[in-house]
């Protein structure tokens, strides 16, 4: 994957950094990224995320102050792989003035899921192992930008990676409780690709990777058919997309005689409200897995 | 610096829209902008699917082609099939837009593309995209809107006489050899160009607001055409400035606030004129005639 | 010298026949009236003379040439109602439009044009209203502005559509005075008019029309009881019945 | 999945029912809107709903059907009020008023959206859905709501039919006649509001304005009378909805809402080109039929004149062919057609006009010569021009007009060229 950051950017960063009158050191797009970066830089650098909780990164409308923050940030970190829609285009063009790092694009392509020729699934953070690697690479890159704290960033990344490893083990163990045929995750838009790949959970979704594309009736019927034949019991709503779409599928399955309920909502593209348990990445993932397990375990 | 860039780009675009909007207001075809801003979607999507890239040029070509087709269809519906202008506009607008969404869902479903993202620009991003032309570094948006303003300005400067004549008295214009059809098509084409460029830059809602608001407000405030053009330009700049201030104060979407101000100020003017006229006991010398004039055209 | 020559002029709007086989020669330097009942095709004939209307059959020659080629020498004054009088223009702006025919794209009017417009305004007695807005004018004043605009064109042939319709007495006098002034200058003036009384007193030539030419010539010869009965009488009812039948059968009158 | 399976699937039936109902309701109201030349109001109202919904989201913090609808209704009503209020200023024309309200409300909608985003209200992004609509995801609750509002709209139109008709055609007259114009105007606006709000919730703002306008234009071109126009518009709309849902059910990636609109657009285009009376095709057909009828009458007249001049009433095949060809090549197929219709007979190796043929020919010649006399005596056309115009008019005269013409001309027996005018029989 091409390097998201270039030497030229470093030079102009040096010049613009000094003139920074106000604004965060690091500006990050999604709240999930912000949580990760915060775990790398700790208190050294101020981390600000543009998108709040429950916001669908794809349909995000920037405000004037967001632009000011981007303008004056020392480093901008975005997820990339077209998660941020229109904003990504603008950020790519900004790369000449301010260093912009596309976190997901730090990973080698073979580790990514290709959903269409040249298009990759951006939801890398839902696989803790992969997310740990992203953060590790991010720490190296940030280390180059801030040589003073290189070791510290890498140490913190390493420490956080252990927590992620522990989370990974916990998830593995939790998912064991679900009988294999039931290990199917049905959501509105296809966010759990990496999660499914990591833990052997099959994922089905109404929409493709982008939550903005409009699904047709055919997809609803096809999904309902699949759910009915596989006798699946639970559909999962998401925090950043409407639940109405799933109700259609549920109605279809119920009419075919199947029993199905809508659980969740799961957090996919954004963390929960700050301060709440699902306000941090680790909390969010635990909440998600608990809800998945609870949802997929056969009801008494 | 981002403030200056954004304001400059928005202001130049607003001026171009205000200038053009004034003539559209006189010809009562202000809604053309709204119709075209929807009608270009299929053209843009086809351009994207065909060229596989979101670069400006293919998008503009696609949008331009769609706008031209929409304009011809409008003419056909109105002249050949006697459909009322409003209905023709609505029909073309909706069908073209639906075609656009159809193409998007059918062929670009997987690729991360949607009406909101592929078509409508975002004014806030303007300062972030710097491009250097002849050594001067300025946002791409500023260059395009400056070129647009130059184009519209030149057109109005050169064809001012003809535009006024054709809009005021088409029959007389025809009798001295200036064909009204040719000039109205030229005006429609220019509107299509402004809409297409502005769409890519600031999004659909702002295009309509900038085309309609200042022109409608100026129409109320002034009595002579040259004054109207000037006042509509000032109102446009005012809308951009006030919009930016409000967007900054409430940390809201810039395009949204400018649209609110551009649309809202007309309501305020109407209210003020109502208040000023109602208690005014001493009628102006010609008010008698003016009143019957108003009676003749109940809007 | 013949100013206007019409040969078998036939005009069809969609499927309604407006003019049928009108053939006549109108002399130059005369005050000519086109008169006839409602729907007789008076305005259509005038607009045909300016080249604003496509002829289904026949042709029209102005000074021996096609109307399109002599635009500069012809001035046309449309009916008042065709215009939005709430347009943000002053009286002077409108009169100045009379000179636009000579100005190239982008060329600004020069001093001589301003003077010509000023003189035209004086001729119609509207010079005090030069800076006044259109929306502040009465019906008569609007008519005089249109007349001034026509005069500003300084043409040889003036074609005026109902210049005296619905105007106050003062404006009527001004218009008639201007018509006489134009005739004195040897210009040809063709006026669509309905009041036979004024025509008898003030006009030289008359074209009596009702879908087809009833009569054309000097006033005393044309305004005879027989002709008037022919034009206004009922016996041409059959013709309008047929026009009505054409309408129903959607039959285009293509012939010859 | 085949067509049959699709339409037996309960979910599809809901989507079909919902979309067809909404399309029909919008089409009914659309007719009134288009006839009142307010077609663009639908588009403006559709977009003005956005701030209302955003506000409902801010207050209720979730996607409750009731709250969303209340918000949408409130905003649309406010937009309508503002439109009416702005009407007080004559300098502000209709298109300016619509543009101002559109930008004001749509701008407010976007501003509220960013406020929602800032406060992290759940799935604020989904508001865009109300613009582009999610016609495939119609839920039973929405179907019920659409049915309820549909019933109200249909009942109101049926009940107050003549009043609404009068109001749309000539409001001043309606007032003079004593109709409660104020209340009727309110009723009309309420109908539009309800239809638009329900439509926006399920198919999106832009598709609403399409369904308001397209069926009305198509129906107007197809039928003359207002009641049948409403019926045809509603049927066309419902049919394209059913087909649209079916297609989007069968083929993946085919969006439901836009497909319905495209189908409706295609129907309208088809009607304009081929279906309607004044459509391109129909007029061509009519003209064709007329010309063919004229050709037959011309040939009959030609043969009758030959009988008149040569005194012989039958001809050999060669003679007949020579006569026809001398006049015009196309006369040959026409004669063949006349033979088929029994106007021309082949007896004992001879061609002759059948009694019916003779009778029709005489009538044509009679009309022709009467016309020549009229044109010569009243219209003052030069004699050599008479034949041309009379040639044209003879085909058009209805029998009663010919009798009236004869009475006017004083029952003449000779035409301007001295030829006898056959009596009427």
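All chains are identified by letter, namely A, B, C and D, in their written order; residue positions are counted from 1 within each chain.
The definition used in the following text is that a contact is a pair of C-beta atoms (placed from the backbone, for glycine too) under 8 Å apart; a residue touches a chain by one contact, two chains touch by 3 or more.
These numbers come from a predicted model, not from an experiment.
Colleague: By number of C-beta pairs in contact, which chain pair leads?
Modeller: Result of the pairwise contact count: B-D comes out on top.
Colleague: From the centre of chain A, which other chain's Cα mean sits the farthest off?
Modeller: C
Colleague: Which whole number of Å gives the spacing of the CA centres of chain A and chain B?
Modeller: 39
Colleague: Just how far, in Å, is the C-alpha centre of chain D from the one of chain A?
Modeller: Here chain A and chain D have centroids separated by 53 Å.
Colleague: How many angstrom lie between the CA centroids of chain C and chain D, rounded to a whole number?
Modeller: Roughly 38 Å separates the two chain centres.
Colleague: Report the inter-chain centroid distance for chain B and chain D in whole angstrom, where each centroid is the mean of the CA atoms.
Modeller: 32
Colleague: Two or more other chains in contact with one residue: find those residues in chain B.
Modeller: Where chain B meets two or more other chains at a single residue, that happens at 101, 105, 109, 116, 219, 251-253, 297.
Colleague: Pull out every residue in chain D that's touching 2 or more other chains.
Modeller: Within chain D, residues 90-91, 110, 113-114, 118, 128, 132, 253-255, 257 contact more than one other chain.
Colleague: Which chain C residues sit where two or more other chains touch them?
Modeller: Each of 86 in chain C touches at least two other chains.
Colleague: Any idea which chain C residues touch chain B in the complex?
Modeller: Going by the criterion above, the answer is residues 50-52, 68, 71, 74-76, 78, 82-90, 93-94, 97, 100-101, 103, 105-106, 132-133, 135-138, 149, 153.
Colleague: Chain A touches which residues of chain B in the complex?
Modeller: 1-3, 6, 54, 101, 104-105, 108-114, 116-117, 121-122, 124-125, 127-130, 140, 244, 247-248, 251-254
Colleague: Taking the touch rule as given, give the residues of chain A at its contact with chain B in the complex, in rising order.
Modeller: The contact residues of chain A facing chain B are 58-59, 61-68, 70-71, 82, 85-87, 89-91, 93-94, 96-97, 115-116, 119, 208-210, 212-214, 216.
Colleague: Under the stated contact criterion, what part of chain B meets chain C in this complex?
Modeller: Chain B residues touching chain C: 26, 157-159, 161-162, 164-165, 167-169, 171-172, 174-178, 219, 222-225, 227-228, 286, 289-290, 293, 297.
Colleague: Mind pulling up the chain D residues that touch chain A in the complex?
Modeller: 1, 6, 9-12, 14-15, 63, 110, 113-114, 117-126, 128-129, 132, 134, 136-140, 245, 248-257
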